[in-house]
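First, the structure itself, so that you have it in front of you.
Letters A, B, C, D, E and F mark the chains as written, and numbering starts fresh at 1 in each.
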Amino acid sequence: MKFTIQVNEGPYQHQSSDTAYQFAKAALEKGHEIFRVFFYHDGVNNATRLTTPPQDDRNVVNRWSELAKEHNLDLVVCVAAAQRRGIADKDEAQRNGKDADNLADGFRISGLGQLIEGGIQSDRLVVFGD
Amino acid sequence: MKFTIQVNEGPYQHQSSDTAYQFAKAALEKGHEIFRVFFYHDGVNNATRLTTPPQDDRNVVNRWSELAKEHNLDLVVCVAAAQRRGIADKDEAQRNGKDADNLADGFRISGLGQLIEGGIQSDRLVVFGD
Amino acid sequence: MSESKKFLYVNRKAPYGTVYALESLEVVLIGAAFEQDVQLLFVDDGVFQIVKGQDTKGIEMKNFSPTYSALGDYEVTKMYVSKESLEERGLTVDDLMPLTYEDEDDDWAEKDSIILVNKDEIAALMEEQDVVLSF
Amino acid sequence: MSESKKFLYVNRKAPYGTVYALESLEVVLIGAAFEQDVQLLFVDDGVFQIVKGQDTKGIEMKNFSPTYSALGDYEVTKMYVSKESLEERGLTVDDLMPLTYEDEDDDWAEKDSIILVNKDEIAALMEEQDVVLSF
Amino acid sequence: MLHTVNKSPFEKNSLVSCLEHAADGSAILLIEDGVYGALNGSAVADKVKSVMGKSTIYALGPDLDARGIADKIMDGIKVVDYAGFVDLACENDKVQAWL
Amino acid sequence: MLHTVNKSPFEKNSLVSCLEHAADGSAILLIEDGVYGALNGSAVADKVKSVMGKSTIYALGPDLDARGIADKIMDGIKVVDYAGFVDLACENDKVQAWL
């Protein structure tokens, strides 16, 4: 079965991103396909490579990056939400006149159409939020 | 009267930062002193200089930076919360082995003791959150 | 995959206090270009999104409520509103913005987009969908 | 400014679903060094923070509940818990972790930190404070 | 003391909890989505009215206006602006936010 | 269809709204702080029980364990792990999150 997963909250403040990750991992272990993970609203904050969580805590961002690498996942960050909240890759930073960027490995920035496409192309859309 | 203001949520997702800003501005206009604004939890996300909100919307981060400049405000970002969420100045970035930093003008990173001190030194602590 | 899917946007949150209403509307606008069968449901505090007379000057935020009136032009013409949610909040349909569309199959006659529904009708509406987006 | 202020930490949220409980505890620990008069109140879903038997292995998050038991060593010895909040949730004080401290003024006798309070007592407690931190 | 409530009483329990725990003589200020607690004829209106004798209820005008409900609120609720919010925080000896 | 609820029913209205709007034959899965809705003897327990005939209520085991309430839940609630969550999302033709 083909899933699209939507994540609406950032790391640590809410459990949403944790649950979405555990759901994604369990789906992959069962042999399902994940068409896309779409990060919207504060969910875009999962995509910063500048986090340094305490050593005895899970690393939410790295976990997503590693899962993406292992399973060739498409992790898409909504561009409009990312601009409001300060998540940028090199291109975005340059276009917006910023002197730094912070997008983590394995994520890409794109438009909301990617979420709609996820809904159309997948068998199930599963949303995690606050 | 001397205020400390605590902000628990980031820009745009919740109105908390907006209300805290309007409260701070109104307090200053009335001649009160703001001892400190302390950004905790997702509130640390107010302190990134990488945001690019739509042109027809308010710029939450810049508004804080400008208010701080105008009134010499002490805008303190909790270091532990900032590390979890990927907010870093040059020093923090270097210490944590990051290749970029994103702290906006007028903010500084420090410890939770600064919040307690705010509670002790101020006449009123006012908290804005979710 | 079918040619066209039924999409339901479930709006359960008040505007301005949180960004969900605004960012949900952005998805609806983008989604309209995909020519799916789109419906909006306003239930619980979501009914506050379409209350008329919103004026955001004092909070310095963008008033996005006029956009709901423009949705008819994007062929989003079905706005389901919970009767019980209105009642619980002391509101009637007269407190809502008039939301209409021009029906191209009926000589562009202006028609109401708002459809009042009760709990059972909402349950049935949700069951009819292919995709539910929750905000 | 007075030498010592009365600080009340109001905990109204459940643990793990959101970070507030954990980050509130971090403030309490740091605050303990400032030698103020510190009290904790657990009301509404905040009472879930001190339910015993928490095991977070399955959700891969840090179990911070043992820290509440250590607060006595930081001279945080007054943990007010809402009776009504427990009842509404089907809980009794036996469902909570035993939280105690050693009373240095009473030959280090082990004493209960948990103090059950009703609504009126909570209202009075809040009025007594100099600073209220809400999480 | 001053209590602030920033969430809709139809979504969250914070207003009801505040009303139950506020001492006589308290000031209660509704802000952000909390202003929906001021609505006339709603399912929580009676609960709000029942404390009006012992506490004073305020609502933040800019938040009422934003939500289009300034003309729909109960009698007895006092409307203030941000400057009035600051005054309330000064007049009362402390502020408790029901988050 | 599958409904997910992730907030405590004592804090937010999402569980109650879900129970009121779920069609007969629905599956309702409590996750995150939503698992508190499974508590035995709570003020919302009767409301949850009242839909058990027409809908099936599930709770996510790892979230029950984290909160120390695995042994405090009502009879009739089925406990699943993350793999079971995935199965529920497959068996039901769509998923609605009550956020």
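We adopt the following convention: a residue touches a chain if its C-beta (ideal position, glycine included) is under 8 Å from a C-beta of that chain, and two chains touch if they have at least 3 such contacts.
Predicted, not measured: the structure shown is a model, and the values here were computed from it.
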Each chain counted as touching chain A and chain F at once: C, D
Number of steps on the shortest touching-chain route linking chain C and chain E: 1
Maximum inter-chain contact count - chain pair: A-B
Between chain F and chain B, distance of the C-alpha-averaged centres to the nearest whole Å: 38
For chain A paired with chain C, centre-to-centre distance based on mean C-alpha positions, whole Å: 27
Rounded Å distance, chain C centre to chain D centre (Cα mean): 43
Two or more partner chains touched - positions in chain D: 13, 16-20, 44, 59, 61, 131-132, 134
Where chain B touches two or more other chains at once, by residue number: 8, 12-13, 15, 19, 22, 41, 54, 57, 80, 125, 127, 129
For chain E, residues that touch 2 or more chains besides their own: 6, 10-11, 13, 32-33, 62, 81, 94-95, 97, 99
Which chain pairs touch, all of them: A-B, A-C, A-D, A-F, B-C, B-D, B-E, C-E, C-F, D-E, D-F, E-F
Footprint of chain A on chain B - complex, ascending: 10-13, 41-42, 45, 48-54, 57, 61, 80, 83-88, 93, 96, 98, 100-102
Touch list for chain C against partner chain F, complex: 10, 12-13, 20, 43-44, 84, 119, 122-124, 126-127, 129-132, 134-135
Contact set on chain C toward chain B in their complex: 16-19, 59-62
Residues of chain A defined as touching chain C within the complex: 6, 8, 40-41, 80-81, 111-113, 115-117, 119-121, 125, 127, 129
Interfacial residue positions of chain E with respect to chain B in the complex: 4, 6, 31-33, 62, 81-83, 85-87, 89-90, 94-95, 97, 99
